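In the two assemblies presented below, chain A is common to both, partnered first by chain B and then by chain C.
Let's look at the complex of A and B:
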């Protein structure tokens, strides 16, 4: 395969962004949107095209591309694709397209907006494909600035606070990750930033632990895990709908991806040592996220806290690091991306129709004539998917995670399952309050009759992205074999990393 | 012809899909994309697919009856050493249960056409019923624990949606929520058990699990907790104490769905428990728990039913009670008796639910103290009630009479105390049904019953059909294979059943029935009445225990988040801003100070360098 398929994938959106910025004259908003839609559709198509040469049952990187860039720094342009990366590239393709499709053309400065959207999508792809830790870091940081701008410029009322908080948290996360990567190279003495598990083995366990701790906290901020999560609810509440979709669906996955690829992949020994504590942390994060979600009164905040809980499962699965649990972790990333993306879309519809997301105010939006019945039905579906009802993506993911982690960490797994039960509690609260009951969008008072609310009907075409996402949720839930076939090679390889290296012999010992 | 039979068996995996196909077929009408001819076509399509499922099941049954059991395995997921199958077993028992499910579903749907005649969202209702039916058909045919769980969860979801059908009413909203959450608690516990079993045993098919459990090496804790987890799921589904509250509240849903919920849905839960019986009974603790919750549900349910004035609620509590009896039979490893009771109960309960629904339809009232004298003008409804009541109790030689007789025979020998539970439940149920009958059908017609006509034929037809079915239940039971034969019952057992039923019949017939008596002014009696009418205040107990606990934990988490976590973050931000503001003041603007600072710093650095002794 001589065609640089991965570079082309990155090029599509980067070139698209560049073209949009350099567009002669001032393109009208519709042109900008249409152009970015075409670009992102091309990117999604190309991502799907990657499925053709790809073989999911192979363990290593495929379709590798390499070019030396700054050799003296150890920064090579190396891209590679495995099942983990491909699944995430696909979901990035889907959600980026969805985000662009639901973006309003009425926003100020549409050209900049859509260009930033394209840059984020390409940068995230780059991070998933990078096979050099420095390159990963570059893409990781590259995605940060556009997102900060997207929140700071197009955000809600309190956007300055949220954007700054997001920037500081994620910058700290980036610094920690960079420190870990540099530290690994410097301590092991060779400036090789390829992702090699052998490299860390030459170091003492103390150094490994310190470096891994920096990585775990760095990615833990991004995921986010309790107690590093406090940027997420604020960022979500202030971000516009498409940005929330991207943030929850794709950007958080950078953190969980890093957990699997770098924390587990670079430091398998230290990871195994720390895994009981990590599993405990996961259970705390799950329970905290779920309980805090129950207490929220803003729909977006509730979904944000549920993300904290649901991302905790990924930590649990990665801590257990069995073949089944890691496959489950990947499924959970995909499932959460789809489901939380869907939820943010629907919350966005509710917000634009009623002007509020307040759970204490909204009532009965399911009303067939004057409410938002289709949005409500899709929300019921999304909620059930998130609560782990079989037939939808969430259940397969949770089942595999719990099944894979139970024997390793029984207590943490059982506690996380309680969190899965709590998911039903808060999302049922949401559906029951917002969509069931008698229609009302303002606080019910005896003097203000609420029966004459008439919400604008949402055209079917605007619901299309949400319906498409719901469809994918069903496809993954009913036919998990497809996704499993893509990813099983890489997740199994990750889970057996210690054994593989034991077989290969420890380089440090061999030398001595 | 045999080819057709074999083909139907090979494609038996289609049977659950018929119901789900019904959902998809109704979608255009349910979503309002097609409005031209009203929502009826969706209903007809659903009836058609239900009929198809019934016929397919019957054809397969013919083949199975001749050639014996047939197993079907379809791989659903096989990755990373985890293999999950869609496993079906076509046995006479499974197919019989399927016929019960699809048959009752068909009758219920015809009934619904009449009952919900002017319902605006008829298509949505039928879509949900299709979903319901598909999940139930899958549960009864399934031969794997994983698949059973998969479908039971779908049943939970469809119950939620069906109970919440009229979602604009506040009571419906809480009822749907409680139904979902109660079942979900049971389901999460069940999932814990299933995940553990899957991790330990590997395979999830029941036959493999029976082999595994016969020589398992679980520790004492695990071998107690796993069976308890397996009980929790069915206990939620079958509305057993302490997870019984939802069934009563679920009566806020449309009545045709209540017919199915009280008969076949609870049966599905019990069938799953039957299938895991060999695993559950490895633990003596689990057996005792089954007997305790079964007895509490049976007696408590019967007593509470006695104090209800709502025609549907008085019925729903007897469901809890009868499923409690089934739990007791399962705990004693009496699967065939449990099945017989399930069958007899499902048929007669469905008939009673139809009859109650008819009463509601023609009088627009659910309060039995407001009714009366309906027997004059409603032959089909009255007959249905009498036959249903007779089929459900041990008074006339219909279904449950024989079940009770056989059970008493065994229980008198093994567990006399539990025999007393059976007899008491029978007596209390007879009393309750007679009381209800007198309120609704006898006496002077009250305001709401004066002009009530008999129901329309769409409701009458399924009701009459089911009446006939209940009447022939004993013959059906006689023909079923795994049953010892109902004639094996001893006269002593039958005499006891008859005595308990007859006594209660007398009490029920002679009890004074004034409206004032429904809540007495005598304080002791009123306290008892209230205690029973409000279900021993169980919902209140929930509210001050588990609900309060979760709410408190949620508030604490929120407080922790706001004050500690976010407070620390914001405090850190404020601190850096304050530091910056403070340092800003140190900038004087006088260049001499800057030069002085620089010089001092250089001198200090140089000094440090020498003092440490390093080379510059």
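Let's look at the complex of A and C:
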């Protein structure tokens, strides 16, 4: 019997969380942090070990595991791995470790905090690996409560408001997704709940459209896409730095993963029919996110709105559904995870050093001796990566998306390119205001005296996670083939689903 | 209190308070043990640096005269692979700052030295120098007819270099003597520091500033004794004007847009000198004060270095702290210069003399408004 590698991957963090909760006595904060770091490092190593048996050029699921669970409900424990899932498992492994590494040991109730962090990481992996829609839904919901607690307990001043808003939005998202999954099973009369494109083809196109619409809105809330985005800036603003890193880097990817895996994967015909409208929606979301980011005066809200814009690219690429655009969508998920994670880390450093994220207050943090020069330099790198400067991950992703979508949806793609240009606008505004000029952390007025600000120095070791992320941004940017080799089989298979379905017969024929 | 958040214009630095302090013979810089440590310590390191600057400028004046490509001018005539390597990796004194000061003096051009550089006597000397030099130097022979002002301007420049070297020779010795006196316990307050510098300036005030070079076997007196140029009036005061007060705007320290008149059209209105410089941008790449702070850092006395380590980010922001201390010490030097140049004794009972002194003090304080007066109070050490 082969080693159940995927179950072991899930087990590592779930068992770690359980062990931390059942730890005899009260572990000191350092012990809790160290334990979770070791657990997440083991999870990342095991995720990397998945690369050994995995063949990226194969289209289907690999390393599949199956166990009967609640067969009467159609809920089977079925895990599988394709290039899409593996890439996201890897990014989850990296960012979970980074989030734990930058978590403070001064956090109140550290045992609970780190246990919740481990649960989220394992649940997200579970969602990426699930080969059963109900199992996916379970994992999808499982990360919701720990994240809500992490915002509600360890968040900022308005954490109750932000956490409740997050809970309501994502609960609605969950309900819509569950309705779609159940609706698919009930309408097709098959309680298998496996991820099978053939299943939806037994339904009429109207039913497919209705079910897919529920899924698109459900995942659109999670991504988030305009106009379902309003929970995200609030959640980011109130969440602590590590949680923002996870939220932006990993949890939003559940939404985009859902678009590819379930919306496109389960309803290829309906998706193809709706794709022009989805591309238009993507362009609106990109432009709205970018323009809203320009108007922000809080660094975190600006990065949050940039996420709304950048996630719009994924919708555009998925709508186009060409081999190149889908590979670009995956690159964008990875690139955005790395870059936004890096940005939230750096904003966190700025906030802890200055006590503010206000763009009207911060000035000149690049000051070489009394400012945060390394943080500023890394932020410039992150901004360049986000704006799509060649040599970094963002460029590869955006180039592939635009190249892959341009011929299919020229207007939407061109409008999204404008959004890419706007990225440079708002992030250069951020860098210019916060990092250039004379060092100041008070509003600068001509009649007010200037102050010789002395910010606390940030030890190099605290900057290591951000430096590591910046390095990965370069690696992906300079060697995109590595990631492409992992996922090209899966994304190409997804892109050819409509053709495969067409070859198999027209929609509704089987039902008819 | 830490060095953080020092206000720029704290109470007690109003123009009236400064005028009264000057007229009462009090110091601009507040009395405090930390101030004494900073001022004496930083002046000691400055004295060491000025010693090297002075030696180099005088060397340039004597041995690089009309050398149009003086690529080894910082090596004081001792060009070895080891010294060249140290020069390239900046394991050396940054003589670029000395050149920056010299260029500021030449460009702002105030006082007796500048007046002499524009005189007919000086131009006659230049003609003689050029006539002698072009016999042996074909490049000069070619350049001079094409650009008649070029060689003359070169001579003005090297003359200023030599004069600044002479000025700094005196100042270096004065600052090192001050540190020695402090170690002997003879100087223990800011007032004593200012008095020491004032006495040193007054003692050297009448020192002649002269400059001679040998060209074609003939000794040419570029600044002859007959010009009656003296240390205080003709070099020290123009130096204060050019380097302490006016300075030059340079990218990185001051954000400016010359086309939008962000820089005054009239260079007399310039306020970019050492007393106005913002310590925070220190250590930006290529900024002249950064070079000076690095030079002083390499010569810091141990007592002051220990104190810096206990403040702020320790060695992490030491250049900023040196710059702040340097500014305090420059206020003391300015204070001494003002005290030594009042038109009449401060204790004069003649109302006319008192009025003249007040007008003199007001004029100086007017110049100092807008300077980094936050350096003056005792807060921030």
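Criterion: the second predicted complex is superposed on the first by the 495 of 512 C-alpha atoms of A that agree within 3 Å, B and C clash if a C-alpha of one lies under 4 Å from a C-alpha of the other, contacts with A are read in each partner's own complex, and residues count from 1 in each chain.
Rule of thumb we're sticking to: a contact is a pair of C-beta atoms (placed from the backbone, for glycine too) under 8 Å apart; a residue touches a chain by one contact, two chains touch by 3 or more.
Just so it is clear, the structure is predicted and the values come from calculations on it, not from any experiment.
When both complexes are superposed on chain A, chain B and chain C clash. Once the two complexes are laid over each other on the shared chain, residue contacts for A:437 go to chain B and to chain C alike.
Contacts of A:424 after superposition on the shared chain: chain B is touched, whereas chain C is not. When the two complexes are overlaid, the chain among chain B and chain C that reaches more residues of chain A is B. Contact with neither chain B nor chain C is seen for A:2 once the two complexes are overlaid on the shared chain.
Look at A:72: by the touch rule set out above, it reaches neither chain B nor chain C.
By the touch criterion defined above, A:454 reaches chain C but does not reach chain B. When the two structures are aligned on the shared chain, A:485 is found in touch with chain B, with no touch to chain C. In the superposition on chain A, A:368 contacts both chain B and chain C.
When both complexes are aligned on chain A by C-alpha atoms, chain A residues 364, 367-368, 437-439 touch chain B in the first and chain C in the second. Listing the residues of chain A that touch chain B in their complex gives 165, 168, 226-227, 229-230, 288, 291-292, 294-296, 323-324, 326-327, 364, 366-368, 373-374, 377, 380, 384, 387, 389-391, 395-396, 399-400, 402-404, 406-407, 413-414, 417-418, 420-422, 424-425, 428, 432, 435-439, 480-481, 484-485, 488, 491-492.
Listing the residues of chain C that touch chain A in their complex gives 2-9, 255, 278-284, 312-313, 316-320, 324, 374, 380.
In the complex of the two chains, the chain B residues touching chain A come out as 31-32, 75-82, 120-121, 149-151, 153-154, 156-157, 161, 164, 167-168, 170, 172-174, 176-177, 180-181, 184-185, 188, 191-192, 195-196, 198-200, 550-551, 553-558, 560-561, 565-566, 569, 573.
Per the touch definition, chain A reaches chain C in the complex via residues 364, 367-370, 437-439, 449-454, 457.
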